[in-house]
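Below are structures written as structure tokens.
Two complexes, one shared chain (subunit A), two partners (subunit B, subunit C).
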Partner chain A sequence: MAQVIVYGIITGAFYGLTSIGLSLVFGVMRHLNIAHGSLLMIGGFVAYWAFHLFSIDPFLSIPIVIVILFALGVALYKGLFCHLDSLPEGQKINNSMLVGFGLTWIIDNLAILFWTSDVRAVTPAYTGSVIQVMDGLRIPVVGIAIVGLALLVIFSLHLILTKTFFGKAVRATAQDRDAGNLMGINVERTYLTFFALSASLAGIAGVVAAVNYSVHPTVGFEWLLKAIIILVLAGVGKIGPVFAAGIALGMAEGVSVYFTGPAYREVVGLVLFLLVLVYRAK
Partner chain B sequence: MLELNRVDVHRGGIQVLWSVSLTAKEGRITALLGSNGAGKTTLLSAISGLVRTSSGTITLKGNPIGSQPVHKIVEMGVSMVPEGRRLFPEMTVHENLELGAFTRKARAGRHETMELVFRTFPVLADRRLQMAGTLSGGEQQMLTIARSLMSRPNLLLLDELSWGLSPVATENIFKTVKEINGSMGLTIFIVEQNVATTLEMADYGYILENGRIVGEGVARELLSSEQVKDAYLGIGDV
Partner chain C sequence: MEHSRKTLVLSAFVVLLLLIFPVSVGTEHTINLVISLFIIVILAQAWNVLAGFAGQVSLGNAAFFGIGALAFHFLAWSWGFPLYLALPLSAVSAVMLASLIGIPAFRLKGAYFAIGTLALAEVLRITVGNIFPRTVYIPTDQINAYSLFSRYYLALFLVVLTQVCAFFMVRSKAGLAMRALRDDDEAAETSGVNLFRYKYMALVYSSFFSGLAGGLFSYYQISILPTSLFGPQWTFEPLVAASVGGAGTLLGPVIGSVFLILVMELFALTLGKTYLIIFGAIFVFVVLFFPAGLIEFFRWLRRGKRVESVK
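And now, the complex of A and B:
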């Protein structure tokens, strides 16, 4: 059972990373960016190619991933999402979903075209190595790196949002866009940067996905599903609850695998999702 | 300081303001009065850039501001206290004030400005780490003014300060506005439904009806004019 908890925490840290960018952008800008999963996939492929072509360790390729995804985020926001910003909230959510679905379709198919639909994984030398703790409790080295990375992301985001003028501008415009504008905040530029930052976060999650699982052109949608379950479990736009919900989901899946085998793993998340919708959505 | 010349504004295809011309003189309190729906808030929003004008010019110290984005107009020294306060309720008093000093120029001197603002509003200093949403109505209104002062404006736009306040709290806020105007020499343009109290404080007044300026004059004179007595004070001859 201790083993289940260890794996639950590692999986949860990954789920948290998958969801955090989606959740923050939804909370602040009211864009539900369905293409978040596809951005994650691109992050995974960047790590994959960096590893295979240049032998760059996946965790060290994260800065490259951040830069590439940030640039992609800027392009997507300038080209598509910023045109939705003047819509009223409900329409904005709906339209951002439509745009996101379309983007997912385009990005995923382009990825198949360029990279084929093969399933690939990043396998550095330490893949599969574990640290033995006490009798029988094994902690994977990659898992330690993932949890450390998640903690680093939580800490950095918290610092950015509470200590910098940019972060305060983000929180202020989330509460009242016009009032923020009247403070002299350039709302468009703030949103642009924040959206690009969220794309970078998707990329980081993609690196983890490629190391801990695998990456292929349509993998994004699978992880997006988890991210949306967590969005519903955690509520919107808060860092702590997102990771707590990620770990809860990871644990719940781990426990279900422990008792019923892997066949029902995906069902657990969806059942949790339904329960929250039925009992908490009021 | 501020000049509007034949300004028209449309909102959603409907003309709201018709050829509005007015002036707010440096260091003075200028009031714009009118009933609900006359277009007062639209006029203020046009000055701050939240709403675009369809024709006419708005100039600040002779510089046109009509086509600038909102944040640039703030940088030029215009600060607006919006109707309904519009604080950032889930942020502390301190953070709200910091955001008031968001522009590059204001940011550099924000610590000194905050000291100054706390001297005018000592109650905010006591509550600096409290969430803005938990303040009383009067305190929230003080915070909105304080937040606007943080940007070190040349022109302060006040929209419906008496909104949701008791008569006593309204009187206090108006007294403070008069003090700010006196001590800082700040130009103030105020929009109000509360005609009598506003005219007692202001230097000059304009009356807006159905999107048109229908009267203007020195505040004291307006207060005793038949037009204002009839329409707004309810003490004219029937």
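And now, the complex of A and C:
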């Protein structure tokens, strides 16, 4: 059981990383970017090629991934998503989902074209090595790195959002876009940076996915599913609850696999999701 | 009045052409192509009533399609139900599945319904893939008796049924209520529209026809891979067809589907799978800059001509 909890925490930290960018952008900008999973997939592939072509350790390739995904985020926001900002909220959410859905289709099929649909994984020397804590409890080395990375992301995001001018601008525009504009905040630039930041976060999650699991062109949709379930579990726009919900989902899946076998792992997430919907509706 | 009579005559003419098509000029390839077109039209119109008319964007209609197809396979081929029972039952099974996500999601505002349906379709795709990993076939005696004509005429019947039902649905009081809640839900509610009831009605309608399309697909195909029935392309292609043609209109999904199938056929020979990228790009472009779709473009052309003739 202790083993299930340890794996639940590691999986949950990864799920939190997957969801955090999606959740923040939805909370602040009211864009529900369905293509978040595809950005994650690109991050995973960057780590894969960095490892295979230049033998760069996946965790060290994270800065490269951040830069590439940040640039991609800038391009996507400038080219596509910024055109939705003038719409009323309901329509903005709907259309951002549709654009994201189309974008997923484009990115995934481009990835198949360039990289084929083979399943690939990043396997540095420490893959699979574990630390035996006590009898029946092993902690994988990669898992420790993932949890550490998640903590690092949580604290840096917290610092950025509370201590910098950019963070204050983000929080102000999230509360009231027009008032923020009147107070001299360049809302468009703030949104642009924030969207690109969220793309970088997707990329970080992608690196973890490539190390801990594997990547292939259509993997993004599967991870997007987790991100969405966590979005509903945690509510939008907060950092702490996202990781808490991630760990809750990871543990629930771990426990369910223990009892029902892996075929029904995804069903557990859906049932949780439905329960939260029913509970919220009341 | 005269305008609608012209439309009726034109529609009857198109249906007549489609009736004689397989026995006259149709080859096996083109008949198959038209059957795929019919399936996309049914799915696109089903999505359109829910999203285009009632404003509830679903990103998981593949779930309804897939469950309809899977239900049909077991009802008709494994348990020997006759076609006229198995087909409606597969549509009903899709409605039951839709209620599971729709009833809680519609009580909340915002994107919960869209992400709920997306999650539903993905979970089913993965889970069905785990439970039924292999391709399933129709029984051998059915393979021997397989006739493309019976598939074609059933599909044609269902397409006509879809269009006629959509026509009456949109003109009814319920259709009016749906458009009202799409355009301004608060104003509609203040005017006495029961939001939950009409959202749910649109969902029942949409999932029923998506399930029907699934049943038809299952009847048409000799072999199916269960997990691929729930694949996102079964959501994406109808959604693109309806949006590119013109969401929230009756003819938009038909025009969009024809366009989709033509582009697919045109590019499949030269570009292979790359046509999917082109669809995605066209779709994103339409959503961002041309939300009324192709149908608005045709209207604009016609208006232009009329103005010229007046001159």
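List of remarks:
Keep in mind that, in the parts below, the second predicted complex is superposed on the first by the 280 of 282 C-alpha atoms of A that agree within 3 Å, B and C clash if a C-alpha of one lies under 4 Å from a C-alpha of the other, contacts with A are read in each partner's own complex, and residues count from 1 in each chain.
We take it that a residue touches a chain if its C-beta (ideal position, glycine included) is under 8 Å from a C-beta of that chain, and two chains touch if they have at least 3 such contacts.
On a predicted model such as this, the values are computed, not experimentally measured, just so you know.
In the superposition on chain A, A:Leu225 makes contact with subunit C only, while subunit B stays out of contact range.
Once chain A of one complex is fitted onto chain A of the other, the partner contacts of A:Asn95 are limited to subunit C, with no touch recorded for subunit B.
Residue by residue along subunit A, subunit B and subunit C are tallied for touches, and C comes out ahead. Once the two complexes are overlaid on the shared chain, A:His52 sits clear of subunit B and of subunit C alike.
Once the two complexes are laid over each other on the shared chain, residue contacts for A:Phe273 go to subunit C alone; subunit B is not touched.
Legend: residue contacts after superposition of the two complexes on their common chain; A:Phe165 is shown touching subunit B, with no touch to subunit C. Within the superposed three-chain model, A:Leu32 lies in touch with subunit C and out of touch with subunit B [touch as defined at top]. For subunit A in complex with subunit C, the touching residues are 26, 32, 34, 80, 83-84, 90, 93-95, 97-99, 101-106, 109-110, 112-113, 221-222, 224-225, 228-229, 231-232, 262-264, 266-267, 269-270, 273-274, 277-278, 280-281. Residue ranges of subunit C in contact with subunit A, taken from their complex: 55, 57, 59, 100-101, 104-105, 107-108, 110-112, 114-116, 118-120, 122-123, 126-127, 130-131, 185, 232, 236, 239-240, 243, 273-274, 276-277, 279-281, 283-284, 287-289, 291.
Per the touch definition, subunit A reaches subunit B in the complex via residues 165, 168-169, 171-172, 175-176, 178-187. Put simply, subunit B touches subunit A in their complex at residues 48, 50, 69-71, 74-75, 79-80, 82, 86-91, 95, 98-100, 102-103, 106-107, 147, 151.
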